[in-house]
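Below you'll find the structure I mean.
The first chain written gets the first letter, and so on, giving A, B, C and D; residue counts start at 1 in each chain.
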Amino acid sequence: MAGNSIGQHFRVTTFGESHGEALGCIIDGCPAGLELDIEAIQLDLDRRRPGSSRFTTQRREADEVKILSGVFEGKTTGTSIGMLIENTDQRSQDYSKIKDLFRPGHADYSYHQKYGLRDYRGGGRSSARETAMRVAAGAVAKQFLKSEFNCEVRGYLSQLGPICAEQIDLDAVESNPFFFPDVAKLDALEEYMRDLKKQGDSIGAKVSVVANNVPLGLGEPVFDRLDADIAHALMGINAVKGVEVGDGFAVVNQKGSEHRDLMRPDGFQSNRAGGVLGGISSGQDIIAHMALKPTSSITIPGDSIDQFGQPAEVITKGRHDPCVGIRAVPIAEAMVAIVLMDHFLRQRGQNGVVTTQTPVLR
Amino acid sequence: MAGNSIGQHFRVTTFGESHGEALGCIIDGCPAGLELDIEAIQLDLDRRRPGSSRFTTQRREADEVKILSGVFEGKTTGTSIGMLIENTDQRSQDYSKIKDLFRPGHADYSYHQKYGLRDYRGGGRSSARETAMRVAAGAVAKQFLKSEFNCEVRGYLSQLGPICAEQIDLDAVESNPFFFPDVAKLDALEEYMRDLKKQGDSIGAKVSVVANNVPLGLGEPVFDRLDADIAHALMGINAVKGVEVGDGFAVVNQKGSEHRDLMRPDGFQSNRAGGVLGGISSGQDIIAHMALKPTSSITIPGDSIDQFGQPAEVITKGRHDPCVGIRAVPIAEAMVAIVLMDHFLRQRGQNGVVTTQTPVLR
Amino acid sequence: MAGNSIGQHFRVTTFGESHGEALGCIIDGCPAGLELDIEAIQLDLDRRRPGSSRFTTQRREADEVKILSGVFEGKTTGTSIGMLIENTDQRSQDYSKIKDLFRPGHADYSYHQKYGLRDYRGGGRSSARETAMRVAAGAVAKQFLKSEFNCEVRGYLSQLGPICAEQIDLDAVESNPFFFPDVAKLDALEEYMRDLKKQGDSIGAKVSVVANNVPLGLGEPVFDRLDADIAHALMGINAVKGVEVGDGFAVVNQKGSEHRDLMRPDGFQSNRAGGVLGGISSGQDIIAHMALKPTSSITIPGDSIDQFGQPAEVITKGRHDPCVGIRAVPIAEAMVAIVLMDHFLRQRGQNGVVTTQTPVLR
Amino acid sequence: MAGNSIGQHFRVTTFGESHGEALGCIIDGCPAGLELDIEAIQLDLDRRRPGSSRFTTQRREADEVKILSGVFEGKTTGTSIGMLIENTDQRSQDYSKIKDLFRPGHADYSYHQKYGLRDYRGGGRSSARETAMRVAAGAVAKQFLKSEFNCEVRGYLSQLGPICAEQIDLDAVESNPFFFPDVAKLDALEEYMRDLKKQGDSIGAKVSVVANNVPLGLGEPVFDRLDADIAHALMGINAVKGVEVGDGFAVVNQKGSEHRDLMRPDGFQSNRAGGVLGGISSGQDIIAHMALKPTSSITIPGDSIDQFGQPAEVITKGRHDPCVGIRAVPIAEAMVAIVLMDHFLRQRGQNGVVTTQTPVLR
């Protein structure tokens, strides 16, 4: 099956290259009757949009989304929703020098091997620009989950290089350009990023997502588990190299008596599982994390080869984020929302009725 | 879509409960003409089989696989392959006590919420026993990859609780019941496990998989990336809470100048990416890791509730592995093999010709 | 995607060759809580079973179905249902003569070209024997539809060669071995078949299916219409060459004023559409027809070639139905039931609530 | 799964309403390196376009297609291809009167029952206008098939009401606005249509498609047969009520000795099967037919009801085709091309090499 779609029941298919005419997506399977708040979609796009901070790429795109179908008199009709964002600030000349080069750490080499040719302008389809449409589609899923279950999917930057968030204040996340939940460390973050820019280098990051009021019973044994589909969705984001649910890799050195979340009549006593038991949502908060590599688009020279196998030195100038993890926060939210939405429709199909946990058992 | 299948082109669908009559699977999409070595399938099943070590569950199952279709005169015919393993050592009486209980850390609670009823005998469908069929199907994929590309998928236990493998000697893996690649630490492992058994507790683990001679160009942008599908496949294994490709979570604190794998005319200079660039195989070895939680089936009492919301204390006797990670090694290999096979067929459909990297560039 | 599955939400995957060890299937996506009547499944298998009439093949198979998983204490659990039928009356020696031959009108030639090899015993996977598992799976769907909506899917033989049913008495269908709804013509049918046997020839047939109390709103625009999926399911039955919904090919010479089904407050005034408007069920009876070619397994010699391109004369002895359409009746019912079930689960996922038409509007 | 996609490997997903802003589609899975002739795509769109004949709807749409992605320097890149057609001649006022009405024979009623609301302007998503994107996508598939195998998919109107084509001259098809292959009957056709217009009525039609140089071995047993997928694709076209492959319903009264296509060393002696044996292409021409009902949009009044169950009389003025079958010819070609392309990629994935029949055996 072709690979530009995600979801089975709430199915998102995207198209678009970094320097093509437009990006677009089709959402297939959005239930009819949802009052769609287009401004809220735009707001999420603005959160991801480049140029909104001096620590992200200086490319300036309006990223204005148009809804072309599937909505009538303000409500979804149940038919496929076409969405479009025109590219307005492509500067293809930036990339002509690297036309024949394989930038190390980029998809240039693997695309070339796979397809025999590639749209080299700005990474073409492998550019993170493509994720704009995921954010738009995810915003639709978020609205549905919010309106049906008051379920909210919220992300934040939990670590940037050596700087970890220790206090997780979700309300602080939107108040700073880093989506960082620990305001005490904002100065340290700014300083770190300033130094990094001077070095012309980049840094990795960890992004976390929490969803509350999650419907019960989402996820299908045995392959399409909720956590497996979240892993698929998050690992499918550009630059992601690791995914965790709940305690993640910390479980390697946990004992069973320590890890298991005990239950009492008033509910679960902890949430090490991250809201998933046996691949199925337990009604607790879904908690997931992902690790993003530092972008390879840096001004420090690096050895590489060209299409003819000749050695070459690569310096990537262009306009690039020194930490792609920052802008990945709304993308991660979008992907988790799409997965939850997809599994909600699945489960409603199987079961007819889907509920969230009573607060006492949450 | 129903959730008991994995893969699109090489598609594996399984059925079976821990204490039902049989486990089975259908492989759909295996190319015709593969000389199938049924003993090699059985060998992988034996590697996963319980009862083969005193550190794994004492349940004794022959796990003898029968091929019911799709093979004629020793070769695959291209039609669907039915495989069956009969359950022979179910002891359902072991489980009658926990019929109404939700064992903490198990799928009991989430299955009950999802389905309204459940086969409580030995975890039913949520039992790791189901993974036997994955191993059988993965063994077919392994044979295909081996015969076409000399591509081998090999796993090992890279960490058990606090004990990390420091030397990775793949040849040592099959010589010990832990699938551990660092023989110098085998005594420490044995001692650790003995202590754990005395405590009636369990421990987490990390399992790693390496595939060599991987065909170039596997993986589809943008959602069905090779790494995303590996993440889906590994996170879909019972007890897995985290997945990494290449350097995984270590990238969070790496700089771009440090992380990117430089290329020279003689090939890549490192493999931090784990063989995947932009979601597409680069011809380098695929490297993936997964974290497995400690089983919650322990003899240390834990608080829980029953189906009526009443408090209950749970002690799980039965016959359980103190470290489910050990037997997960062949399962992880199987899952990675299935994903590679699936993407190979996809890529061959798209491109006609698929090759591996020349050794010099590997 | 591999081709041995049908349905997305109620997904049936089958395996098995005519002369292999067993046939089997997995039903994935059957909702939990259905009280499964295994005798009713067996009854449908018996309706399809060879050897039940002197006008169908004399191969004698018990066709006894075993349920291996997914059912606990008489109810479906929501997990995948494995079903198995062992082959007991294979006589492979019957087929040795045609090992290298391509029987005209059979799949021998196309399988050989597709796969390069084939299981030639009794047609292998291309044998109609495979449809036994469809009947078993369809019987599960029928039970669900009956219990949820009192929806029944009933088929009959509407034409055999020149003999058309003029009176459609559904209650008469089960009382004769032809599934023929017009008892006045049974003698003519018997005589026709007797003559045909003497000639060693075979004849085509038309089979019709009617489903009543069909849930409203089934079918998805624009490709996965209910009628398109019924067409796919029926054309996928061995020997079928044509499919109609409602008036079918008769519409070619109908005018718009004649064809459209008028509506009045008491309901539709006719059902030329066959229960589908715009690809979506209207609550009227679903009516579909299919044309089955005469089997090519006849004793009249026919020109053919062998695998080496040499001319050959083919006479098919074996044990074959002179009219494969007769036994196709339960298969057609099964396929329609599977499609309705699949679309019901889809629609319930999208909409939450699915109902049938009020009788007054039906 | 959501229903606006067709194909697994060559996957087409569409969006757009009759009177929305635009129609669009995404082609996912088109192999890289195809030199795309955009004028040829436009040509097929022009063939389907309304307003090109006085016997089709007078709505005037430029139907100008834009390629937004997936093509670079004139060649496909292997990434998803976004295509867009803006709507320019919507006259929504035409439809305000029927806002609350269910036009008999239309999808109004079933959409309303399915979704609870609908975009009533011009039929919204149920309008045949949606098929423009199928034609655009099919044109890409046609170019691929042509360039790889010299395989051409050509359609024609084989019957319009009582007027049957007796001579099938494919070269004449493009020379008349009816796509009619029998020029001797063009006058009769014109006269028939003139009378029909005077009556304010509409008429059904039969459309046929022939594909030559078809790759061998396309189609998967047992459900995703090539003929089953063609049936799905054609029955999924608006107004289609019947589909045939090869001799279709004529087989009901054929004998086995008459129906089977004999083979001799110089090839098949006839093509009653329509190029498909056992669901797999035999290398002969693929031949399929479909029956299209007369449109219900006529000016002759008809009984109906409104959304409140009250009786109403419906007269459809608007701008409508008196025979929707005529413009369905390029749509049918497109759908068959998409199915062939999809199965070609599948088969190449399975087998690596796919060829067409040698002419001598064709």
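One rule holds in what follows: contacts are C-beta pairs under 8 Å (C-beta built on N, C-alpha and C of every residue); 3 or more make two chains touch, one makes a residue touch a chain.
A quick map from chain label to UniProt name: A, B, C, D = Chorismate synthase.
All figures in this text were calculated on a predicted structure; none of them were measured in a lab.
Note on connectivity: the fewest chain-to-chain touch steps from subunit A to subunit D number 1.
Set against one another, A-C and B-C show the most C-beta pairs in contact at B-C. Once the centre of each chain is set as its mean CA position, subunit A and subunit B turn out to be 26 Å apart. Centre-to-centre separation of subunit A and subunit C, using mean CA positions: 45 Å.
Centres computed as Cα averages put subunit B at a distance of 38 Å from subunit C. Shared interface positions of subunit A, defined as residues touching 2 or more other chains, are 1-5, 8-9, 14, 29, 32, 78-79, 114-116, 125, 221, 346-347, 351.
Subunit A contributes residues 1-5, 8-11, 13-17, 20-24, 26, 28-29, 32-33, 66, 68-70, 72, 75, 77-82, 84, 114-119, 124-125 to its touches with subunit D in the complex.
The part of subunit C that touches subunit D in the complex is made up of residues 1-6, 8-9, 14, 102, 104-107, 109-111, 113-116, 125-126, 130, 159, 161-162, 196, 201-206, 216-217, 219-225, 227-236, 238, 240-265, 269, 273-274, 276-283, 291-298, 300, 302-305, 309-311, 346-347, 351.
Against subunit D, the residues of subunit B that register as touching in their complex are 1, 8-9, 29, 31-32, 78-79, 221, 345-352.
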